[in-house]
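There's a structure below that I have some questions on.
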Amino acid sequence: MIALLMRDLKLAFRAGGGFGLGLAFFLIVTVLVPFSVGPQSSLLATISPGVLWLGALLACLLSLDRLLALDWEDGSLDLLATAPLPLEAVVTIKALAHWITTGLPLVLAAPVLGVLLNLPQPGFVWLVVSLALGTPALSVIGTFGAALTVGLKRGGLLLSLLVLPLYVPTLIFGAEVARRGAISMETNTPLLMLAGITAGAVALLPFASAAVLRVNLR
Amino acid sequence: MSISAKANRLWAYANPKKFLETTEKALPFFWVAAALCLVVGLVWGFFFTPDDYRQGSTVKIIYLHVPSALMAINIWFMMLVTSLVWLVRRHHVSALAARAAAPVGVVMTLIALATGAIWGQPMWGTWWAWDPRLTSFLILFLFYLGYIALWEAIENPDTAADLTSVLCLVGSVFAILSRYAVNFWNQGLHQGASLSLDKEENVADVFWVPLLVCIAGFVLLFVALVLYRTGTEIRARRIKALQARERVGA
Amino acid sequence: MTLEVSDLSITRGGVPVLQGLGFALRPGHALVVRGPNGIGKTTLLRTLAGLQPPLSGRIEGADETIAYAGHSDGIKPTLTVIENLTFWARVFGARSIQPALDAFDLNDLAERHAGNLSAGQKRRLGLSRLLVTGRPIWMLDEPTVSLDVSAVAMFADAVRAHLGQGGSALIATHIDLGLDAEILDVGPFKARPREIEDFDGDFL
Amino acid sequence: MMPDLGKYADAVLSAYAASILLLVLLVLVSLWRGRRMRAELTAVENRLKRDG
Amino acid sequence: MIALLMRDLKLAFRAGGGFGLGLAFFLIVTVLVPFSVGPQSSLLATISPGVLWLGALLACLLSLDRLLALDWEDGSLDLLATAPLPLEAVVTIKALAHWITTGLPLVLAAPVLGVLLNLPQPGFVWLVVSLALGTPALSVIGTFGAALTVGLKRGGLLLSLLVLPLYVPTLIFGAEVARRGAISMETNTPLLMLAGITAGAVALLPFASAAVLRVNLR
Amino acid sequence: MTLEVSDLSITRGGVPVLQGLGFALRPGHALVVRGPNGIGKTTLLRTLAGLQPPLSGRIEGADETIAYAGHSDGIKPTLTVIENLTFWARVFGARSIQPALDAFDLNDLAERHAGNLSAGQKRRLGLSRLLVTGRPIWMLDEPTVSLDVSAVAMFADAVRAHLGQGGSALIATHIDLGLDAEILDVGPFKARPREIEDFDGDFL
């Protein structure tokens, strides 16, 4: 299991950096927002928590299609399925590797990008907290989507289509935490919901992902 | 000596070996000169210039901000030229010089952005505003990142040189387009009328002379860094070639 | 560990391809699966390896005993030869990858990125993985594709050594490997389509 | 003999600190990589010459 | 050349629909925006032209990585390069196919999504006009990016990183047209600039793309 | 159309692999390229097909005369066999695909999606593309991978027919095709590394 995690991390670093690039996409989406909605800083301040959450979500999403597809194409997944590792462990580790290479850097970079979008002062902490709590759910849900679409020729967009509705609850509560935090409102309720979603997803979805993957390997 | 003969002598330095030998000799001079100018310029600027009547002591940031901003743009220019040389004459040293310069350009852009942001907080009351000049710097930063990422992602050095050169060319055109687009999009805060430093004649000599020294320092530092780093890239390139050969020989 | 198969029927893409297949693969023996293109050899091997369920019939002794090597090798182009092998060794809990490197003459290539190998070199790396699985039954789908004569000989030696240690191998191939093995021609087991009228519960 | 920076001391000092830090880092990283490549190149060259 | 175009369109329809999916992504991004920035309709009306442009751009971007990568992986690109078609024609047709399967549906769908985001009445025409003028540039620029990264293992995110800054001028002028249109301001200047960028990109970039592709095939 | 090659040196990944290679391929003749794994056969074929520039040397008669078939077949899994072939026929301006279907016995598979073919069936489809190119020189990299005995015979017949019509073929393979062809062993042309001291402009 550790071998698999280490390999996936190594691959992410080698392949032009799964690390840097998810981040870069986040950065770029954030930068493009003012170009499209205009530069007024009050407007930006209003939408910034939501935009940052949406950007993080899209950055996660964009890196999902390489989560399992590469292993599928070169036959590694067949071999892993016949190896003495339960598929549940395989998908959990894949999700973990995805979070480490994508979610974690996003959490760390969010405050910097908050500056670009005039995020109000009290919002920074809440933005980071909500992302740290929410991104693991994004990775686990995304792994499920990747397992669903892995056999399809370039399921990239189909993957997005399937995963985005699943991301809605996480997004709603996550963005709500960040938004309320930014205007110094109470954030307990959405925060609890967010934590609940993440805990549930992490505990249960790997079984669904493994089942789906087994079907796709047939 | 005719111009073309001179040019030919210049091309001789495109031979990696000759380049290494020559820069080996020239580098100490550049290091020392850069250090000298930087120390003199910055110390002079920081300790021995008066505060501006309007901006107070923040005016001292100019000694870092302006030189780095200038370098950030000009380094991209230099990369454009060396990329063209590679595409036309296929001298490896030229492509490698572009590669060596890019990280220096990133750092310069970062310094300009950071000092600008720090300056913006007291002057404009915000770290960041979507002012055209600031924005176009951010875009330049993205171009640098993309350029470097492409170099890192491609394994075959010649392929990488070709592709990054074309990217640099196309990117330059789009960078200029963005500059106009951004200007059109937002008129911005940077150097409003209150900051008359913009026009050369309005700058008091007390600020101007140390600023010039700092600019010279940054330029010299860049030259030293690029020569040194190009040497490093040449060696890395040769290591790669030798290792590849070693493997095939095996 | 004997692999026993009886009255096996298998499907591919919802169509039965082979039926009524039975054989036993005993330790120390190799079985070469032959048959024309498209008869269902790949499907058979995938079924035995547990990657897809059979339509009917019994497979015994296939639990965690099979090392499967299909058309693609599961090689990561950005990892080196050693890194690729070490990964599989750790997954399967093998101690050392040295025997695998030796058997397929990979020592010279050890530090190369797998993406830069030629077709035959890649294939050698893919086959060497079998040695680090420690599994008794090898299940190989056209293993000698792209291999030159000396590499085919290396492969045959590796199989012989494996058989000598009480392992067994099931190999689908079109060419002669120079192995001393029984032949299983699957041609006669080609599935006969059911009666059209027989439109029953599972649409086959 | 620190000059009086007034209320902007934080800004000016942090600007200088950040810039100088970045520059020094750049130079150090360059030198470090330069050294490494130099050493590695001699190693590879020697190895090749020895092995023929 | 027509054979290539027809094949690419056919492939797009078969492979789970390049058609439907770019669109679906556009739809979903638009739908997620209210979830992330909150539901006040005045705020949505202000940002809707920009958000729609950004959504269209991201939908384009997301479908770029299958533009050339599939043909590269299965060897078709090698064969096309040795066929009696100039590579310049190949990349132009690829860009055209991408526009037909992605850009065109986006243009047609944008008004519908405008309703969801409270786009002010006068903005609809301008939104459609600006997208119709701007999306061809997005496809051509994207093809260049795809040609740059085609050899790389899953260059997906690198592709985004390279392409997004190149999209900036198109986005600025396009969104500006839509934004000004929505508040009934004069739109001539940005419209002209947008047209200029598109014309220039369509005329010149295929040569760069072909050159780059040739290098990558070596 | 004679293909003439003289004093050719080729590189792969920035390393010279073959040098000083020369041969002539006359109409009606086939040439089989042999050599161990990793010697540079694939690289040679790609260079001749114009996919990469040679390091030095001359190649004559290779302009728009070569039909190249590499390790991968350029087959679209979501198109049917006929659609795949028709596409290439239109690109190369061929009139009919029927001869190609006949030569590789693809008529029964004509309406199948190419993604559902077995390895050997896919390969047959890939080879049939050669017949619709109408190009005189075939350049084939391990064409018989995954083919069964009868399909190899089909392939040999197709090559013979092509030679009979004044075409020619250059085939890299490790196995015996039963063709009456000259052999070009590239082993002796393995590139010798340059002097270490020779640290010149092109890093080779």
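Which chain is which? They are A, B, C, D, E and F, in the order written, and residues in each are numbered from 1.
We take it that a residue touches a chain if its C-beta (ideal position, glycine included) is under 8 Å from a C-beta of that chain, and two chains touch if they have at least 3 such contacts.
Which chain is which protein? Per UniProt: A, E = Heme exporter protein B; B = Heme exporter protein C; C, F = Heme ABC exporter ATP-binding protein CcmA; D = Heme exporter protein D.
This is a predicted model, so every value here is computed, not measured.
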Least step count from chain B to chain E, where 1 means the two chains touch: 1
Chain F and chain A - chains in contact with each: B, C, E
Chain whose mean Cα position lies farthest from chain B: C
Chain located farthest away, centre of chain F as origin (C-alpha): D
Highest-count interface - the chain pair sharing the most C-beta contacts: A-E
Mean-CA-position distance for chain E and chain C (Å): 45
Gap in Å, rounded to a whole number, between the CA centres of chain D and chain A: 35
Inter-chain centre distance, chain B versus chain F - centres from mean C-alpha coordinates, in Å: 48
Chain D, residues touching no fewer than two other chains: 45, 48
Residues of chain B touching at least two other chains: 139, 142, 145, 149, 153, 155, 185, 238, 242, 245, 247
Sequence positions of chain E contacting 2 or more other chains: 15, 152-153, 155, 158, 161, 164-165, 168, 172, 218
Residues on chain E engaged by chain B in the complex (per definition of touch): 144, 148-149, 151-152, 155, 158, 161-162, 164-166, 168-169, 172-173, 176, 189-190, 193, 197, 205, 208, 211-212, 215-216, 218
Chain F residues within the chain C interface of the complex: 13, 35-38, 42, 71, 116-121, 124, 142, 145-152, 174-175
Contact set on chain E toward chain A in their complex: 15-16, 18, 21-22, 24-25, 28-29, 32-33, 35-38, 43, 46-47, 49-51, 53-54, 57-58, 62-63, 65-66, 69-70, 152-158, 160-161, 164-165, 167-168, 171-172, 175, 179
Residue numbers on chain B that touch chain F, as the complex places them: 14-17, 91-92, 155-158, 237-238, 240-242, 244-245, 247-249
Chain F residues touching chain B - in the complex, by the definition given at the top: 13-17, 191, 193, 196, 199-204
